[in-house]
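Paired with chain B in one complex and with chain C in the other, chain A is shared by the two complexes that follow.
Let's look at the complex of A and B:
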């Protein structure tokens, strides 16, 4: 664990930073400023919607923080500390003021913890699981998709795409309980089995959540890859390449694959961005203290600062990944101009 | 000498004109009917559509009959004989049976009164399943109405007029797409659930939740529909028949309703089949998390979440709702696949 386990996260972060710098050099700051303005608007929108929804949610967020022997004056003090006694527009203004200073405030329910520290512990865990699953899904799903497209219409194609659709359709809140029931049965009969749930005790605990997420994503990428690959394989230039005598393999991997990557990149970009929110059900059912678990628990506790924090990092991640995707388009297909 | 009866068209003897004449004899197929025909050729999709229709009709009609089927049995608590009108209600719970969770016959050892067994608090699994399917379908249909209504309205307006409306809708869509979808739905469930509960309390205890789920899921779904419709509208606007009608002075409203909207059929059908899937999963997901349908209501998601309370309990408790949900979802996926192949003009054979 430690640094080594965060290696994939660090690598992705470094790659993203490198691409943003590269994009700044390549197309100049005007474009970046335009995107930044878009991001500011989106941030304003999502935080406002989140704030309003949190504001109208019934229940007092700091009641639990105050404890069982809470006196009205103590409660009043807590309301004052967290600015909850202000009218709604002042509350939101206070929040925005903090946001401009990169200060997301304190959690309502976890005593003395800043939102940043909660995000700081949650995001790496979610990213570790999410990125591993994404990598495995791509490694398995993309070749299956290519293979099915090359052999379109055969039994392999029909069978693998049917399985892919079924795998992709089954929600994790169905597959995880089934996995857990099977595991319970295995353990009751003394057979070897993976842990039912948990995090941080042994490295083997990551296997089941990653496997389940991989299965879901695998179906999606296999199908996406097949569709786009089939589109590309029917293009004239592929036929030309075949006609001039290039081998099938060369045509598929040099000519077709590269062009089929564009829709794939479009899908992977936001997928990486949403990795930071974590997979809600996977984290919930496996008891993994990632950001998905934290944010769902925070909604239940009306711990709005933490929810806001999650929403903000997702919005930023989506904006950054969209930028990265635009850059990658340019690399994959030099004809595409970013505007 | 035999004379061949010639059609009364002047010069019909030239081969091309005979061809034209013959072609007129065949009834032309409307694009809609051609698409339906293509869809019917996809056997997998047709079978799946059949399964869905069966499940929906069964779960809608059978409860009417089901509540009158079965003998009178002893109630666990009061010790009185109760009719099936009571114990075949999905919300009836025989608490006295709670000491033998998941038992097949919670109402008496010699009765097959609960065909799929009971849950730990003695409710009929079959009745709950049927009520759960109903809720799934109701939410999906309401979301569809919301989705198609707003999506087509704003999509055509933005595509036709562009301008500030297009910009506003673009920005709004950016916001929705930058939200982690499930998180927003959960938030809306937590925030709006109790409010809608209060509003609709007097009519029906579940109605408020269904309205809330529709709003929450629909709000996330319609921007995508709007994008599709808008793209198609922009496309159609450039086509000659629309230009011709504009030049000849057709008012905008008439042009939109008569030329644009009928041509949106394909894209709306494809997009809405996909969003049905999203709403069924969304409803189940919210109910699993406890912010969707709540007891005494029933939903497939709620049943799954109930079964997780005791992981050592009966496996049938998880199996039935999970099985039905997966069947619904997988079938809708296959139907969606078939519909896309049949209605998407790009993949026309």
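Let's look at the complex of A and C:
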């Protein structure tokens, strides 16, 4: 898709890596090691739960794979290939053993494809769309929120927050069909328009899905930022800053904004993590082979290895982002001792 | 007659709330000479803090200064444009607030917060401003000042934080220091230290002080003159010793009576002023204190007594003083 459309992904990845290194130096490696050790236990728990849920789900997972003319011996072979003939603890051990080798096994429904390759194609696409939307939503939403808080009670405040609420409230399965109807109309009248859907043919295809997701998130971040900024602007220390004779700009950005960042970071952390689950409706309507589409499809198909793989990826992402968020707290607020 | 440092004339600050107009400050006048310490006393809601915030023009919506003048060396702060206001705030008039626990920014170092004021008003570079900050921390008697510059507010106790606030306030050599209940949130032992510090430093820096308090004991030990406020109005103003010896207004008298005395026999009842202060939305006609006043006559409930001279330097808003 070219470097440009991957830029938001790179930016977020670089930011996360830089933060881990910076806070590792600042807060000390002991904290980092302790938290990473804790992370191993969390992931162990997650793997067990996802494995057991898959195990106890009724129905034969490989029946479909075998097809209509399946002979008992073929079915038995498939059971053997997928280790389904072993007792549950051995299955789990095999599963864990594969996991530490980054081997999540084969898909039950997509013949010959490994889970890893399914995740490997889906997650980057979803991440590219999701992180781009997040970056744009923050770049637009946060300044709007700050401005609305500073001008609380004015027409700008009321108007922007109403629009933000509306944007935030429209589900993507409503806004995307509207977009597509408009696009069809435009193309019928020979007017310039963006692609209706699709992926992989032209870099411009990313614009519409990113824009749709940006709009939803933008409303959320604008409102969140307004609320927290308003709260901070009413704090005593902001009054102290004003009493010092500081300009409005310094009061807002130096004294208020930094204190308003904690709730924002709290929201952004999980938002980055859940990017790896993809945006199901957006991927469905735009026909994008992202992980959101894949994982929902795999649940329907009882493709347990893919479901397990997705859950583990999300668990890792959430755990890592929680760690990052905690470290960012430590940087933002000297009162929070990370230990 | 020399020009007064600060002259507040008929100041009126109202808050336009949903339930009605709250007349927090109504027709308040007083003055302050250079180097003088003036105490403003009154109970909660009497308009003391709103008066001090009005002088700094720090009244936010829904509040508004609706009338009167705030003359600082002849310049009217109430009419001042934003640029001039920023020079006055912190530079010429500095302020200390009630709660030192919340008045310092938790995410910035103490040194930065002092240096920031210095850089804004004295136009010093970073290094000189930090030196000034260290000097100020020493002046407010914080041990190991230079090392403490890099500490955050949460690493200081309440009394220490109020010292830091004083350091910030005095760092730019202001001509007027407004201290809005600076000791209310502190332990009694720390209160005395902080008051002594404000007293000593304002003398050293030749700064006039406007001390807002509800504690008459604080006034007695610190102030040259006192203004007593009730329900958004000045009810009495007098030199401190006159006020304590010969209070003119019944409200002042009642306040002085309410101070517990060590010479009274143990177990005797404390004196309290019966009733509640009036709502500032619907002030009754006449004297606002009349409903609680033991001396009130029919006239007090119909006519508002003007603030008039009753003795040497003593003014009171009462028809039946002493």
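Basically, the second predicted complex is superposed on the first by the 249 of 339 C-alpha atoms of A that agree within 3 Å, B and C clash if a C-alpha of one lies under 4 Å from a C-alpha of the other, contacts with A are read in each partner's own complex, and residues count from 1 in each chain.
Definition applied: contacts are C-beta pairs under 8 Å (C-beta built on N, C-alpha and C of every residue); 3 or more make two chains touch, one makes a residue touch a chain.
Computed from a predicted model, the values in this text were never measured in an experiment.
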{"item": "Which of chain B and chain C A:332 touches, first, second, both or neither", "value": "second"}
{"item": "Partner, of chain C and chain B, that touches more residues belonging to chain A", "value": "B"}
{"item": "Which of chain B and chain C A:243 touches, first, second, both or neither", "value": "second"}
{"item": "Touching partner for A:310 - first (chain B), second (chain C), both, neither", "value": "first"}
{"item": "Contacts of A:255 with chain B and chain C, given as first, second, both or neither", "value": "second"}
{"item": "Which superposed partner A:88 touches (first chain B, second chain C, both, neither)", "value": "neither"}
{"item": "Chain B versus chain C as contact partner of A:153, first or second or both or neither", "value": "second"}
{"item": "Parts of chain A lying in touch with chain B, wherever the complex brings them together", "value": "38, 41-42, 45-46, 49-50, 53-54, 56-58, 162, 165-166, 168-171, 173-174, 177-178, 180-181, 184, 270, 274, 277, 280-281, 284-285, 295-296, 299-300, 302, 307, 310-311, 314-315, 318-319"}
{"item": "Chain A to chain C touching residues, read off their complex", "value": "153, 235-237, 239-247, 254-255, 258-259, 332-335"}
{"item": "Chain B - residues contacting chain A, complex", "value": "44, 171-172, 174-175, 177-180, 182-184, 186-188, 190-192, 194-195, 277, 281, 284-285, 288-289, 301, 304, 307-308, 311-312, 315, 318, 322, 325-326, 329-330, 333-334, 337"}
{"item": "Chain C residues within the chain A interface of the complex", "value": "56, 58, 61, 85-91, 94-95, 97, 99, 102-108, 116-117, 120-121, 152, 154, 165, 168"}
